[in-house]
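A single structure is presented below for examination.
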């Protein structure tokens, strides 16, 4: 690995995909979004590491796009209210960022160590993101 | 009205809004989209006329935004499969362009005469549009 | 010129630039926009012709960008209310599309014959456009 | 087919994809672009017809995306200067719009009749498009 | 609150709005921008917290959009040079990020504790941002 | 300089430009991208500092745009495989972020001290970035 020249530096790669789902949110806070509605989510996954490998990459962009696509396939065109693994969860945009992040972390085991950010854009004026380390990394 | 200098010229104004809905599509053609899913639609309405009025406008942009917003309010956060007025319809993106167009034409009566285009973007890679004259216009 | 294979076909090239101006609008219709305010306009010029020349182009993209840039230089960072050539005009987005179109048509004399569209985006949710033939063209 | 309510109306569907290629352009007009360089082209295909079919669609969006993707596969990561079928051509953005249009028209035979527009965006400030009828259509 | 699983993780929500203003900048550095001109600013506010609340949210997106909209209402269609609270300030994009940030922090008291970023896009090629903690938070 | 009110705050300015190049990548990892192909890179440079100067700026936006434009001029319309200074390098998007970053750091000497991020978007679904301190700065 090409070590970073300083501890404050970072390299990132971002890939994007999208999916269309239905869901409803529970709780007065959500007002009309308590009704069964839906969203097109544009999903961006950002991989951050403290240096590049021998191929001058953080992660292969083609591979990263394929992995993200596979991850989202489970959820495309689904009503999230009816998926067993999401039963009882409020599938807010913030929650979905965390949920996709954690599922992605499993897929990335052995393939990537660093920080992973998963961002979901739900409309031209609203988005959310979750960032946390993945892999066997102390930081 | 400031007449166009040539019959082939045109003035347009476009305003945008968005909404989030759930629906399902009927027919083998639609594959996984036959399941109940959803979408964020970015809706663009384009008003075309053959000249400008005394205020140098096609239509007041603020008024046009308000009218579009009001039009979409009926559908925000709804499951289109359960709206009485859409019962039995395949609410494809193309259909929704026509449907919003026709509802908008009603709202615009007395306010705008010319061509109206309603475009819906359902994802970063797919959209549809419908264009037709509205108001008491021969062309 | 490579003639179009059918009379209904068309080739276009679009180039973009932007500028930042101040202005005010006269008339009750404009509500708060009657106050002196401003805008960043993203300006797109579309050149349409019924075929390509011997270089397989509608117009040289680099040349078109330069011409558009030069056109807008006169107006950058100006208060349109104080430009002599715009005195007494309501400089709405629609008007500016026409105005830039006509100034551009003068610059294009001898360089381009066909249809020219000038579109101005004033915000993420509002834009306008004007289209008309330029040059010595019967259509 | 649901006939349009007026001859001036139209329904469209647009799908997008992208590809990365190398090429050079011949002729002094092109200045530095005469050197071997490259581009990411965002390709948009718009299908226009005068009405919707029994499924309320112009063309199945999923099918249209697949067809466009297949069309571009032949050209991805290629040096256009070395493709036999493009030998001797100036592969300008305008030319490529026409070329992809005509290849797409072949793929669409029996699947779509109407107008097809192929647009290529080569940068945030420059794009081109070609539009012409495809299929066995009198208009 | 659902605590973050690691101290390096973070959840964010971003909402956007826009406004149109006039102003001038003082100082030779600003060249032609010393003249009275204007801008459309696209404003993005990002709320970052170290975990989600019982509703699985950082902040209610609808509420956040309303608060941002209210914040900007004071400045819409204004000439910033004439607002008493900005007299004598160079209202650069950077300054406005800080100014909107601090006004927003006041509005958010009791509603949000965490980091707030306010970003302003002034054109397709230029933007600025300011980020700092808000609320009664040690960091 | 206006000191930040807290150590966790930051001010940033971002400017953008783009360029079109050809290149090939070495190594099985890159699959079809091992062939000579090309890209349009949208390049964003973000300047981060812990406060604003007496003009209320991080860096003059016009100056920053000019500097970025000059930096990229060396590479526009080039085949990176044939540039002497890049001989033997795998010019991945990640590498180019670092390379442009380091060249930019040289140009910025005496003009800017803080953190610099260089981000390259290679397509609508893929990008990379590199961030590190520049100038005589301890952090």
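In order of appearance the chains are A, B, C, D, E and F, and numbering begins at 1 in each one.
One rule holds in what follows: a residue touches a chain if its C-beta (ideal position, glycine included) is under 8 Å from a C-beta of that chain, and two chains touch if they have at least 3 such contacts.
Values in this document were obtained by computation on a predicted structure and should not be read as measured data.
J.: Based on the averaged CA atom positions, which chain is farthest from subunit B?
T.: Comparing chain centres, F lies farthest from subunit B.
J.: Over half of interface residue numbers shared between subunit E and subunit F means same, under half means different, so which is it?
T.: At the contact between subunit E and subunit F, which are copies of one sequence, the residues are largely different (under half shared).
J.: Where does the B-D interface recur among C-E, A-B or A-E, taking recurrence as more than half of the contact pairs being identical by residue number?
T.: The B-D interface is reproduced by A-E.
J.: Return the distance between the CA-based centres of subunit C and subunit D, expressed in whole Å.
T.: 25
J.: Would you kindly tell me how far, in whole Å, the mean C-alpha position of subunit F lies from that of subunit C?
T.: 32
J.: Provide the C-alpha centroid distance between subunit D and subunit E, rounded to the nearest whole angstrom.
T.: Those two chain centres are 41 Å apart.
J.: Using the touch rule from the top of the page, what residues of subunit C touch 2 or more other chains?
T.: In subunit C, residues 16, 33, 122, 124-125 touch at least two other chains, as defined above.
J.: Touching residues of subunit E toward subunit F in the complex: what are they?
T.: Subunit E residues touching subunit F: 27, 29-31, 33, 89-95, 97-98, 115, 122, 124-133, 139.
J.: In their shared complex, at which residues does subunit F touch subunit D?
T.: Residues 16, 18, 20-23, 32-33, 35-42, 76-79, 122-125.
J.: In the complex formed with subunit E, which residues of subunit F make contact?
T.: Going by the criterion above, the answer is residues 4-6, 8-17, 52, 55-58, 60-62, 65.
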